[in-house]
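Chain lettering (A, B, C, D and E) follows the sequence in which the chains are written, and residue indices restart at 1 in each chain.
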Amino acid sequence: GCGNSEPAEDTSKESTETSSDEKQELGEIILSTTTSTQDSGLLDYLLPVFEEKTGATVKTVAVGTGAALEMGQNGEADVLLVHAKADEEKFVADGYGTERHDVMYNDFVLVGPKEDALKLKETSGSDIQSALKNISNSGSTFVSRGDDSGTHKKELKLWEETGISPQGEWYVSAGAGMADVLKIASEKQAYTITDRATYLSLKDTLDLDVLVEGDKNLFNQYGVIPVNPEREDNAEINEAGAKAFMDWILSEEAQKLIGEYGVEEFGEPLFVPNAK
Amino acid sequence: MDYILMGIKEAIALLTSFDREVYSVVGRSLLVSGMATVLSSLYSIPIGLYLGIRELKGRRHISRLIYTGMSVPSVIVGLIVAIVLARRGPLGDLKLMYTVNAMIIAQTVLLTPLQVGLSYSLARNSGKRIKNTGTTLGGGNFDIVKLIISELRPQLMINVITAFSRAISEVGAVMIVGGNIKGYTRVITTSITMFNSMGEYPMAIALGIVLLVLSFGVNSVVYSYNTEE
Amino acid sequence: MDVYIENLKKQFNKRILFELRDMEFKSGRINVLMGRNGIGKSTLFNIIAGLDEDYEGSIAYDGEALSKEKMQDITLVSQKPYILNRSVYENLAYPLRLRKYSKREIEEKVEFYIEKLQLKELRDQNGRSLSGGEMQRVSLGRALIFSPKLLLLDEYTASIDERSLGFMEEIVLEYKETGANIIMITHSKEQAERLGDSLVYMKEGL
Amino acid sequence: MDYILMGIKEAIALLTSFDREVYSVVGRSLLVSGMATVLSSLYSIPIGLYLGIRELKGRRHISRLIYTGMSVPSVIVGLIVAIVLARRGPLGDLKLMYTVNAMIIAQTVLLTPLQVGLSYSLARNSGKRIKNTGTTLGGGNFDIVKLIISELRPQLMINVITAFSRAISEVGAVMIVGGNIKGYTRVITTSITMFNSMGEYPMAIALGIVLLVLSFGVNSVVYSYNTEE
Amino acid sequence: MDVYIENLKKQFNKRILFELRDMEFKSGRINVLMGRNGIGKSTLFNIIAGLDEDYEGSIAYDGEALSKEKMQDITLVSQKPYILNRSVYENLAYPLRLRKYSKREIEEKVEFYIEKLQLKELRDQNGRSLSGGEMQRVSLGRALIFSPKLLLLDEYTASIDERSLGFMEEIVLEYKETGANIIMITHSKEQAERLGDSLVYMKEGL
């Protein structure tokens, strides 16, 4: 409880008008995002810079894309950073979010057994559709996320574009996170589609190689969406904080940081900034 | 709150749908956790009781160590079993990873310290008179372990129920070594976790209710062998 | 099995309960042990029976130290007997089963003691639900059934009714004839006189 | 197998580094699970004992229901507590979601059926003589619950240790209501899960070891109040 | 507190243990209850003390049914007393603490009984480690200390040594003078004669 009759508190409120204390205005921002951004270490790298600059504290809750969007709908998060473009646009259109902007992308790759029995590297090159056809025709095991995540949705879309409805013994639906699915694929010497960041961070523990990459269909766009504070029951939303976070992550400074992340460790950036 | 109501409705729908998929997930949960409970009971209870009746030196330290074992997080158990069973691991040739057998192994390992700890405590706290009786009638340590099992069956049953409840409700170990693969290694708790991360809360709650119904059934069966009353 | 106790000292924490210079219990006799409440009689029995190893001094059983084999021939009818959670029949059979007696032998012996201890009606009743006096009977039968060479009886008739007292004493007198060593704790001078061949009084500072 | 060795090395490094981040995660684990254990003990033990000493009608069914409660998966507990504490939930105004307090609440709820079940079983199996004694000396039900607590303290301590071990090793509930937020709600098990999914197995194992060391410390303290010997 | 038993029937499962047409125990007396082992004496005590409600028939306490208030004035010294896991002093104090006696009163009464029951040396010892006879003393003291109006003594001197038997009996004789109803189970005819004002024999088919 807070005794709002106490004069001391009133003065403290007034003193926040000064610019040096402006920082504290932003307070706590709840950022709901996918496990891939957290597990890749990107957020641990970015957020301290933002917090230092603005004095806000960002509480990151990393969940599946489905749960992240659900949190946004319920007003449990102030701002979202997710990667399922179609759903995101619907989310904004339905009035759950105020706006949506591209932040960055990473790319998906098709990984599989090192010996590459299907010779996908040679025959498919960077053509994901031909690779998928080849896998399904040969009945080679393919592990799907099967968890309704952004990655899963992307994979399903690729199958759809290829004109195959994947089902049968060869198509394993794991219902697990990216890291688990990569491990399963490695154990079973199967194929799967993964974001490059997760693959790179687990590479040493896996018996898998990248077989197909570079198809523009494999790009994975991340977007930022502030949750709509005007919706019923959304009074708690930290509107200013969400806006500040969005503005910052789209800013030149943040975009530059994103572009540099991972170069040192993996020799290439994990995410490509593309805010407009 | 709507989620909870929707969850209850969904649970009824699931249970009455006789959907093969649902039943196979439930059956697998029962198989994995039931087998793990039985297997771990077979050796952990005798070991725990044996340690409990022995007047070992440094008993206080041993007690603490044993009870500490009960805190091993299931994710760690999963991880270590996975390291051993993985293709590159020492038992990789058995190709057990991502199978129901791997899940049973992981849960058996997970339950071991719990079962040893609870049996140990039972022997220490209630086994003294039984031990003395057995000893004066000519029983050795092994006979006394058997005697305690038959004398304290109701209490041991509760320990077994406690172990089963930890197994059936845990997700860390089975997720790592099983992988929640549809049709093969998916169990109730891994499904719940999956639906939770998908934001499908009513479905998650529904499965939670299904799990409790299952658990009630198992407890009823176990309980009917319990001579408590 | 003769028992010879030398310089036996028992203490709880720092408090000395008793120190026994020497004490002898000979086979083929009923050795009565008496003494006031709390003097340490039951504690001594526990030590002799090998249930309590926390003492100083030595006890010789037929001149030797206690061993696993010897333990097979020693038994204690406790002041607070613990009857097993199974039928009276199975309680009596238990020590025989431990010793791998044949089915026929077990049946014979158990029936013999059921008869002798007037337990016929309780044959199939669970041991844990017996009355005080019934427990003492079962406890005695369970001890005698495997013919121990050293029998420790701790107030074994404390809750026995007057009618049964006779046969309970008779059984022990008979058993003496096997040459076993019987040591008996009692608070009844009359009983001591009726049964005892020797009498040891435990006293403070003995 | 290398992971395990690396994990052990890493664990030693972590424990001796005196890294503030590591210590705050460990401290938070202890706070959350310790508080939850204490809070749930305060009411669950008396309730369990009370139910155990009452000669209730339909006792067999009540027993089964109570033991069934022990199987509630932690993810479900997390989910339901989250629904209640969410901004739009009935207790949304308290702003508890994603705080340490929410984690304590969730684990307190999680431990309740376990603590009730174990105390209930204790009263049923070992409380009869104490109840009779208390009754003949003029005690009412409430007095008898207090009497059982003081008479069976060693056994109750083991129940409390069992509850603590479930709390400190579980991840489902604290993950959902806490969110594994760095510097705020990150605890050992949520870190382990995170490192596991990041593929940093040695670090996950190292934290598992740290957790066991912590648990050993807590057990030692609890155990020194245990009058067992 | 007078006790009047009418048509009391107790059975375990289907087996009838006893059926008592009518039986009366008057206040101000020592009513002795005797009978062979297993006849149901302790079971009857449990029923009278309100510990066992699984019976048919009725028992009147001063003409009324058993109530919570009445229970406060009834106590049972059990054949197998359970002594609390706390000091002898606290064991004696427990019923007084339940009844919210003042600190001074508690101290006075407890010291009085410690003296009387010759428990001085055991004052601070834990109750669970007492010898059989010591437990019976504590159990008696713990029962008398709150002046019950109905005192049920189940073989309360079975393990008492000869020297102490005198004062244990004396205490009960004294207590009778308060006008309380004392019902006592014993297997000793001598004790029954020494203490009893009336004698009831439980028999098969009574």
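Operating definition for what follows: a residue touches a chain if its C-beta (ideal position, glycine included) is under 8 Å from a C-beta of that chain, and two chains touch if they have at least 3 such contacts.
Listed by chain with UniProt protein names: B, D = Sulfate transport system permease protein CysW; C, E = Sulfate/thiosulfate import ATP-binding protein CysA.
These figures come from a predicted structure and were not determined experimentally.
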Chain labels contacting chain A and also chain E: D
Given chain A and chain D, the chains that contact each of them: B
Result of counting contacting C-beta pairs for B-C and A-B, higher pair: A-B
Distance-maximising chain from chain E - centres being C-alpha averages: A
Computed distance of Cα centres, chain E from chain B, in Å: 47
Centre-of-Cα separation between chain E and chain C, whole angstrom: 29
Distance between the centres, which are taken as Cα means, of chain D and chain B, whole angstrom: 17
Of all residues in chain B, the ones touching two or more other chains: 176, 196, 201
Touching two or more other chains - residue numbers and ranges from chain A: 177, 180
Interchain contacts (touch definition) - all pairs: A-B, A-D, B-C, B-D, C-E, D-E
Footprint of chain D on chain A - complex, ascending: 30, 35, 38-39, 41, 44, 59-62, 74-76, 177-180, 201-202, 204-205, 233, 236
In the complex, chain B residues that touch chain C: 55, 129-130, 132-133, 135-140, 143, 147, 150-151, 153, 227
Chain A-facing residues of chain D, complex: 86-88, 92, 95, 97-98, 179-182, 184-185, 194, 196-199, 201
In the complex with chain D, residue positions of chain E that touch it: 46, 49-51, 53, 68, 71-72, 74-76, 78, 81-82, 84-86, 94-95, 98-99, 142-143, 146
Of all residues in chain A, those that touch chain B in their complex: 63-64, 66-71, 146-149, 172-177, 180-181, 183-184, 186-188, 207
